[in-house]
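Structures for review follow.
After this come two complexes, each holding chain A, first together with chain B and then together with chain C.
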Partner chain A sequence: MSGALAVLNYNLVGYRRTWRGSALTSFVLPVLFVLGFGVAVGSYVNTGQLGGGTYLAYLAPGMIASTAMQVAFGESTWPIQTKFTWVRTYHAMIAAPLAIRDLVFGDMTFLVLRVVSSSAVFLFVTSLFGAVHSWWAIGVLPACGLLGVAIAAPVFAFTATMDSSTNYFAFLQRFIVIPMSLFAGVFYPISKLPVFLQPLAWASPLWHAVEICRAATHTNHGSLWALLGHVAYLLLWAVVGLWLALRQYRRRLSD
Partner chain B sequence: MTSADSLIHARSLVKRFGDFTAVDGIDLDVRAGEAFGFLGPNGAGKSSTMRMIGCVSKPSAGTLRILGRDPERDGVAIRAKLGVCPQQDTLDTELTVRQNLTTYARYFGIRRRAARAKADELLDFVQLSERTDAKVDSLSGGMKRRVTIARALINDPEMVLLDEPTTGLDPQARHLVWERLFRLKQQGVTLVLTTHYMDEAEQLCDRLVVMDGGKIVAEGAPRELIERYSTREVLEIRFAGDDQSPYAEKLDGVGERTEVLPDRILVYAPDGDAALVSITDRGLHPSSVLVRRSSLEDVFLHLTGRTLVE
Partner chain C sequence: MVVATLSPSVYARLDGSLQRSSSVTARNVTALRSAYWLLLVSGFFEPLLYLLTIGYGLGTMIGRIPVGDGQTVKYAVYVAPAMLASSAMTGALAESTFNFFGKMKFQKTFDSVLATPVRPMEIAFGELWWAMFRGALYSAAFLVIMVFMHLTSSLWALIALPATLLVGFTFGAVGMALSTFMRSWQDFDVVATVQVALFLFSATFAPLSAFHQAWLRVLIQCSPLYQSVALLRGITLGRPTAGLLVHVAYLAVLMMVCLFIAARRMHKQLLK
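Take a look at the complex of A and B:
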């Protein structure tokens, strides 16, 4: 526990220097996108099919979740590979009295803080534009944190298998992350997807997080059982992902 | 010596990577306060041994006790008392010199204020006080090495492991590092280092092992090894012309042993000047002559050969 906190401390010391740059991609650009798109395109959208309300109010919770996924993906690829390969931060850490789980949980805690803090700013700004209709909207933050772990943990495991000459992050980005952000109910209900694509949306962690965030920010929160189902699905990804990450970290670092 | 007195106790220690055997059944005992060296060409198994001693790599077979404990069970507890200076620097180049030390101190559970004080004390020790707030990125190779050594001392370790501490440094930086390591030794810190620099081993080590092909091929104090595997002096002679080998036959019986190199002949003899006299008595007149003391390098090349290891 204290080991993981020491790893978190290392990340925070570094972040004090880089947070301004990351703020731009973590919420400034997404906020501009959601306002531009939500307000302008929203004026053409017949929101009757979306259950009433403005398109902005429909889009904002989806974009918050989608951005949380992007931040989690970004933080679990290059920064993690650097720790394995170029700077060899992890090698320095395991020479000290830290266990492999301290590395995984320390870095994951930092990632969750990054995801939740950028989601919080995003949520606050969109609420100023009338996109939030319930105090339950605060539930967006734990939902995004959980989505962050569900996405990042398996990517941690994947990154642990990369060496300096092999990286398939661009591949993951193009064939998994971007399609997920397009087809997981961020911009329109997945019932509008062709029937054969719908199971892919159900399988994606993002869709479940979008559903939670939308239920939290709208006046109609939907059924509690559906919500619990979404949370359980994300938890499953998080737990299996962490198990895989611990296994791959061990393989990589203890020969 | 019993295993309880040894900081490092190894019997038939083996490390395999797939089919390749990096460390092939070595026995070791390192006492508290000793400066102990691993000498050997690249690929001899020095770093693999160091990683097992540092409790970051599992032995494939054999017994290993570090600080009297089992690395497999008590790895974290053992590492809390070790200082490690790895072969490659693992500093965060984007952080300042001090931040590198204070963040590392936290891994040992050292509190913020104590970490800062300790960092400043150690940066003074490695003569980097002026660069405390500089980014590591801006430092020279020698300075980075000193930061790594300072970082290895952050927890007042019982034993410091140094994997090629001065490889790649210029002579000034090497001497400064040696001088600091010597001071640590005087303070009673146990030093364990690997090197392929003979002068480094002679300067720093009380005792050393020569490794080759994963095995220990010789063990002893530097002076002992020279006496055992070499002569007191070496006479280096060169004859005019390209080929030295015809002259070698004519040197039979001069010195204990001769070795023909492409550009010169080495005559191993207790007294180099006397050997030279007997050579000129045979009517041979080398174009250049050097008499020198035998060094650990002669022992090393004798034991591990002159073949280049890539």
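Take a look at the complex of A and C:
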């Protein structure tokens, strides 16, 4: 446990010097999307099909979850590969009295902090635009943190298998992350998708997180069982992902 | 008339210059690795996704969009030319900012190129040809899809292709000029952010009339992507007007200015 805290501390010290850049991308970009789609395009959307309310109020929780996914993905690709390959931070760390699980859990804790803090800022901004309807909206934060682990843990495992010449992150981004952000019910209900695409949306962790966030910010919270189902599905991804990450880290660093 | 008065030696110089800048392009083609090819091809995937999910998907909840003169079009028809313009922008900018900067500052590619008779202006042109080639690939593929989806006619698509080249060429020049001002990779976060702002607000997904502030509308109209979208939308909707020439002139002037800046600053930075 104290090992993981030491790894977390290592990340926090570094972040003190680099937070400005990430603040720009993880905060300004989603706000632009909220204004561009929520407000501008929203004025043309027929919201009758969304159960009333403004399009902005529909879009905002989805955008928060989608941004959480992007931050988690960004933090678990290049920065992690740097620690394996170029700077070899991990090699230095395991030479100290740190276990493999300390590296995984320490870095994951830092990632969750990043995801939750950017979600919190985003939630605050959308509340200024009147897109938040109850105090339950705070529930968005743990949901985004859980989504962060569900996304990042399997990507940690994937990154651990990459070397400096085989980084396929741009492919992952183009063929999985961006399609997910467009198909997983962020911009419109997945019932509008062609029937054959709907199972893909159900399978994606993002859709489940979007549903939780939407239940939290709207006045109609939906059924408790559905919520628990979404949480359980995200937990499944997180646990299996962490198990995979531990396994791949062990393989990569055991030489 | 100017051409007629040029002496033969000037011709020879121009010819040599052209040859040298195309060598710079040829270097890029040779340097392509297999994975990079795939990434290059996959760049075309993104605008198509946006067209399908936003144009058609979100379009099911959006009525017809006014395009001037009392005419309205379906949302997918409205969004398609905007995706065409922004994919030309993205392709050209990717090549001329991130990759160009890497070659200039880290791989020292240009330092070695300058050890040959190639001059900075010729590197600028050579890189621009390359950025344009990449943009043209995306645009042609996207136009074919638009024709198949009945979002434009094949005749107008043919006319739109050179217009997309102009868009690609302009953003290639803009990107190169910007790259000469970059200090580190972190500066590209700013470029990427501005790029997303252009992508969202240049009458791409919502018409100008969706923005209620007059100053905002003026600002949007000044954006190079707005000019590109307006040009391509006019062509693909089959509504040629004299106003389209204004967009062409805007893009041409912007391109020349940026090329000039890029060449000048590269001269200063590389021939120290």
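Keep in mind that, in the parts below, the second predicted complex is superposed on the first by the 255 of 255 C-alpha atoms of A that agree within 3 Å, B and C clash if a C-alpha of one lies under 4 Å from a C-alpha of the other, contacts with A are read in each partner's own complex, and residues count from 1 in each chain.
Here is the rule we use: a residue touches a chain if its C-beta (ideal position, glycine included) is under 8 Å from a C-beta of that chain, and two chains touch if they have at least 3 such contacts.
Note that the coordinates shown come from a computational prediction; the quantities given were computed from them, not determined experimentally.
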Task: Combined model on chain A where chain B meets chain C, clash or fit - done: fit
Open item on the list: Just checking: does A:1 make contact with chain B only, chain C only, both, or neither of them? Give me first, second, both or neither.
Closed with: neither
- [ ] Determine, under the contact definition given at the top, whether A:40 touches first (chain B), second (chain C), both, or neither.
- [x] second
Open item on the list: A:13 in the overlay: touching chain B, chain C, both, or neither? Say first, second, both or neither.
Closed with: first
Open item on the list: Under the stated touch criterion, which partner chain does A:91 make contact with: chain B (first), chain C (second), both, or neither?
Closed with: first
Open item on the list: Under the stated touch criterion, which partner chain does A:224 make contact with: chain B (first), chain C (second), both, or neither?
Closed with: neither
Open item on the list: Just checking: does A:195 make contact with chain B only, chain C only, both, or neither of them? Give me first, second, both or neither.
Closed with: neither
TODO: Answer with first, second, both or neither: which of chain B and chain C does A:128 touch in the superposed model?
DONE: neither
Open item on the list: Can you report the vertex angle at chain A, computed from the C-alpha centres of the three chains with chain B and chain C as the arms, to the nearest 10 degrees?
Closed with: 90
Open item on the list: Comparing chain B against chain C, which has contacts with more of the residues in chain A?
Closed with: C
Task: Lowest inter-chain C-alpha distance for chain C and chain B in the superposed arrangement, angstrom - done: 13
TODO: Can you check the complex and tell me which residues of chain A touch chain B?
DONE: 2-3, 5-7, 9-10, 13-14, 17, 87-89, 91-99, 253-255
Open item on the list: List the residues on chain A that touch chain C in their complex, please.
Closed with: 21, 24-25, 28-29, 32-33, 35-37, 40-41, 43-47, 49-50, 166, 168, 170-171, 174-175, 178-179, 182-183, 187-188, 192-193
Task: Complex contacts: residues of chain B adjacent to chain A - done: 17, 54, 56-58, 76-77, 79-80, 82, 84, 86, 88, 90-95, 99, 102-104, 106-109
TODO: Using the touch definition up top, name the residues of chain C that touch chain A in the complex.
DONE: 35, 38-39, 42-43, 45-46, 49-50, 53-54, 57-58, 60-63, 65, 75, 186, 189-190, 192-193, 196-197, 200-201, 205-206, 210-211
